[in-house]
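In the two complexes below, subunit A is the common chain; its partner is subunit B in one and subunit C in the other.
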Partner chain A sequence: MDNLSVFLQILFWGLYAGCIYILLATGLNLIFGVMKVVNFAHGEFLMIGAYITATVFFLTGFNPYVILLLSMVALVGIGAVVERLCFRPILGTGKLNEIFLSIGLIYIFQNGAAMIWGDAWQSVKSPYDGITIPIGSLSVPLDYIIIMVVTAVILSGLYLFLKKTTLGMQMRATSQNRKGAMLVGINVERIDIISFGLGCALAAAAGTLWVVSGQVFNPYMGSIPAVKAFAIIILGGLGSIPGAIIGGLLMGLAENGAAFLLGGIWKDAVSFIILIVVLIFRPTGLFGGKEG
Partner chain B sequence: MKYSVLVIAVLLIAAAFIAGCTQQQASTQQTAAAGSQDVIRVGVIASLTGPASNVGTNMWQSAQVAAEKINADGGVTLKDGTKKQIKLIVGDDESTQAGGQKAATKLITDDKVDILVGGYSSAVTSAYEQTIAEYKIPYIVTGASSPIITHRTDIDTSYIFHHCPTTDTYGQYTTQFIDQVIRPAVNKKLGAASDRPFRLALLYQDTAFGKGIQTAVNDTITKNKLNIVLVSQQSFKMGESDFRTQLTAIKATNPDALYLGAFPNEGAPAITQARRDIGLNTIFLSAENNDNAQFYKDVGQYGEGAIIESRFSPYTAPAGAVASAQDAFKQAYFAKFGTYPDMMGASTYDGVFIAAKAIGNAGTTDKATVRQALVDLKMPQAVEAMKDQTISFSPDFRDSGFDLWM
Partner chain C sequence: MQLTREKLIPYGTAAALIIAVAIPFLTDNMFIVNLAVLMLISIIFASAWNLLAYSGQGSLGHAAFFGIGAYGSTLIAAKLGITPFITIFLGAAVAAFIGILIGLTCVRLKEWFLAMVTFGFAIIVQTLTVSVLAPMTGGWDGIPSPRLVSPSIPGYQLIEYYAILLITIAAIAAIWYIMKSRIGLAFLAIRENETEARAAGIDPVRYRLLAFALSAFIAGVAGALQIHHIGYITPELYGVDNSFWPITYVILGGLGTLAGPVIGTVVLTILWEGLKATGITFARYVVIGVILILTIIFLPRGLVSLPEQVQEWIKRRKQKEPVTEAAAE
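Right, the complex of A and B next:
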């Protein structure tokens, strides 16, 4: 392998990692943008999405990329229930309540998953396992191309939903000015529940793509990605969807670049170094507005 | 609103109940033990939850098979001629240092165990060694393989006995195997000169365990002037599941072999990603803790031709003195749990027998006397092949000596 090939290969792995981060962070930002709640348990929705996909795959043998849709729908439902029962009652009562509630949810979901599925690590083999596609000097597995395409399709769908549909516009309105949205007759509680469900569905998509890529998973897999997702949305700007996308990509590329240049132990640290540097020069994040 | 608050309260109570389920299981065992004076309380520290739970569960289940065998054979005879049964009490280290500290403290202070067995992950085990030193409880470590476990000098480790090959030992064995067996074979296959240096790459966990392997490999090459060049040494954090970048860097150095200092939940995806995603089709060597049924299942066809240094395997064993003992252990384990034990299970099985033998030899559960019995211990090997077919601990660092195989 020449140096250019190595560089391109690392770039490719950075893009792949970025896809997972983008989906997770975009979901988190969608929820934060509309409800302004801090949900540290967002990584657990990624974990549940991963387990739903894996379980259905083990039981039926269906293509996991198709099961992704089922997993997303299931997480819309789970997210709606969590929003209705847990977050809505404490909305506006202070960040401390939200933080402790979400920490409680982490334990509930992790222990619940461990009871249902066991807490040993598991892995899934994609139906496209072993198929590679030549791209220039690289030979990359088909799964990663599909993962990038699926991420792009989901983000495009989200963009169209937010820009072109009435519901999407209501969500954006609520995100921009909650009181104003209420005054013009938007049912913000309905928007909250839909936003939370949609955010969880994006986390489920991230979890599914994690599983399909052949990475091992267990009930505790969501904790670190959730922290990173928070770093990404702060980096990109709280509430900013383009910020989450750019932040996620930047994080994926930076982590893999650091692992190559500095060693694997710097993989997690570099994301937060970038976050600190960005916040020093631009406290609202890359795409954050005044309210961010 | 009131209804919602009620639902949240119910959810939280349910969460507390769920969270307490594992603990409940442990407590049941513990009550049985603490409630009777006629038993020897053996504490087993294992990772029942968290990333290492697969190995930890295997250790705990193996300890149970050993205790049942000892008790079925009459238990342990003390000085006054009384026979005592063994009661196991498990402490879950949760695969974390904080969890290990909690488990050790609880077993010692609440459950008042007579002796401790177990301990997986050197990082986790070393975190609570101070507690062992403070309470002077004999502890037979059967899973944490860094030499620091008994070599460290910042605390008193005199009550800690290491029944597990250290990373020094198996790092050295593996490097010598590479030099003596793999290097000539590769040179022959490549049609290269016999003095062509062997290109070895390392991918190791950035912990005492992984760094121990890295140090052992480097030291063995230097001290013995082996014709091996370390072309790449890449690290990763414990619990990592994405190794693609490090593997890309390793592939660029064109290694003849890659030695993985990894846990099974890291080693299996690393080999899979190397072969499937990176196209790194080289010889993979794994440390002994990967000789685990889940590892074989996960690595699947990508494990073809990979080599594991081992001393106990769920599937195979070289013919010899321990083969029949291993078979009997595997059968007993399978009959009870429907799966096969792994290597850490085997050393924990041995560990419970060592604990019973030491207390039997001491004739008492007095901690200092049991410690001395462990120092003086000489007992026949059980399910693992030992140096001179005998389990005993070295006088300097209280390490037992193993015969290893590849």
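Right, the complex of A and C next:
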């Protein structure tokens, strides 16, 4: 392969990896935007979503892209329960407290999953495994293209939901001014629970896409993607969904570029090096405003 | 009888010291002495994390300083042939220096940005250890580390236990002194209200860096002690688990208090080993997670506040009772 196709290959991997980060970061952003809660255990919802999809797939053999919907619905429920039982009682007691609580959630979800599914690495073969589509000099797996389309559909759906529906507008209102939203009669606790559930559903979608792309997964897979998603929303600006999309794509590209140039071991470290370097020069993030 | 915290402190301290000194006399079982050593090291580590949290900075990557202290001490001891009793402090000094560097990037950050940066930092250090620094550190395989007390000396386990006990007491005493001093007051002032602290002439940047350096130093001592006790070092030391344990200990015991890390570590270690005896594996972590969440929601000041909390609950109960009786009639 010549240099150009290597570059294009990395670009494509980066885009695909970026899709998963975008979904994760957008979910976090939604939760942070509305509740101002730092849910450090967000990656655990990705992991649970991945396992639900994989389990249903192993049992029924349905197309995993269809199971994605089931996984998302299940995670709305799990997210709602976690919000009601864990985050609501400590709302407003400080960001660090939320992080500490998330550590408890991480312990519970990771090891609960290990009790149910075992802690071995697993993988799933997508029904489109092995099918590639030639684009120029590249042959791109069909799954990668479906993943990008699915991500685009989910994000467009979320955009329309937030802009056009009453519930979506109530969520944006709560996000902008919680007290004001209460004054105009919005039940902010209901909005909290819906936002948290939706954020978790986006994590489930990310987990499903992780699984169908053929990547291995185990109960402890979630922590690092979650912190990377945080790095993305810190870089992209808190509460900004376009920022999360740009940040997610950049992170995917940087990671795959680094893995290619420096070796796979640097894949995780490079995203944090970027985070630290950016924060040295801009302590509120690349596009961060006063809210950070 | 009023069980105030002030009355409990001297009794509690004395009891803890007597038990700590007596453990090797109470049992011949070296497994328990070994466990007690690891518990003491965890107490130092948790206290170090607690000191940083006392200044309002929450680190999610303290395993980095734990590991740097351990690697620093091991490499200095192995290369120069100095006794580990000296190198643990040299390794910790390396950790403190790195702590100041990472602190410099963090001082201007929001509390939870800082949490992300420290978490990422531990991963960066681990990556460096197994890639660029691998010729020195042995990569993922690790390297042997000189023992604190050579196993050829008779009764070396007891010597080691008392040496580590002394260092633990010294560390806690040092943290007590820092917390009581003007430095500790400055930490508190910055944590509670940075603007007012500034108005009072406290330079937040300087004190935050100082907190980072002190906390990293003490964490480095803990890491070095653990590795010289075990006799082998691997990059697993930088794992996420190792960053989360001190947080769990401190939150359960009581954040920002001197006794919190000690009580939290002792209670959780005993619980952890007790659960191990029942043969469960993953469920142990689930239990710890549930306890952590329940503590944060229902006992936000940790176990140290339990006596006061219980009195409060009893008081509230007594006030309620006549009301319910009246309602029943």
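Just so we're on the same page, the second predicted complex is superposed on the first by the 288 of 292 C-alpha atoms of A that agree within 3 Å, B and C clash if a C-alpha of one lies under 4 Å from a C-alpha of the other, contacts with A are read in each partner's own complex, and residues count from 1 in each chain.
Everything that follows uses one rule, which is that a contact is a pair of C-beta atoms (placed from the backbone, for glycine too) under 8 Å apart; a residue touches a chain by one contact, two chains touch by 3 or more.
These figures come from a predicted structure and were not determined experimentally.
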Overlay on subunit A: subunit C relative to subunit B, clash or fit: clash
Which of subunit B and subunit C A:Lys36 touches, first, second, both or neither: neither
First (subunit B), second (subunit C), both or neither touched by A:Pro283: second
Partner chain(s) touched by A:Ser223 [first = subunit B, second = subunit C, both, neither]: second
Subunit B versus subunit C as contact partner of A:Gln215, first or second or both or neither: first
Which superposed partner A:Ala231 touches (first subunit B, second subunit C, both, neither): second
First (subunit B), second (subunit C), both or neither touched by A:Leu96: second
Touched partner set for A:Gly263, first subunit B, second subunit C, both or neither: both
Which superposed partner A:Ile273 touches (first subunit B, second subunit C, both, neither): second
Selected from 61-69, 97-105, 187-195 or 277-285: the stretch of subunit C that, after superposition, runs into subunit B: 277-285
Overlap of the subunit B and subunit C footprints on subunit A, listed as residue numbers: 86, 89, 104, 107-108, 111-112, 114-115, 119, 263, 265, 268
Sites on subunit B touched by subunit A in the complex: 1, 4-5, 7-8, 11-12, 14-15, 18-19, 21, 49-51, 53-54, 57, 206, 234-237, 240-246, 248-249, 251-252, 265, 268-269, 272-273, 276-279, 294, 298, 300
Of all residues in subunit A, those that touch subunit C in their complex: 38, 40, 86, 89-90, 93-101, 103-108, 110-112, 114-115, 119, 223-224, 227, 230-231, 234, 263, 265-266, 268-269, 271-273, 275-276, 279-280, 283, 292
Subunit B-touching residues of subunit A, taken from the complex the two chains share: 1, 6, 9-10, 13-14, 16-17, 84-86, 88-89, 104, 107-108, 111-112, 114-115, 119-121, 123, 125, 129-130, 132, 139-141, 144, 214-218, 220-221, 256, 259-260, 263-265, 267-268
Subunit C residues touching subunit A - in the complex, by the definition given at the top: 53, 58, 60, 105, 108-113, 115-117, 119-121, 123-124, 126-128, 130-131, 240, 244, 247-248, 251, 282-286, 288-293, 296-297, 300
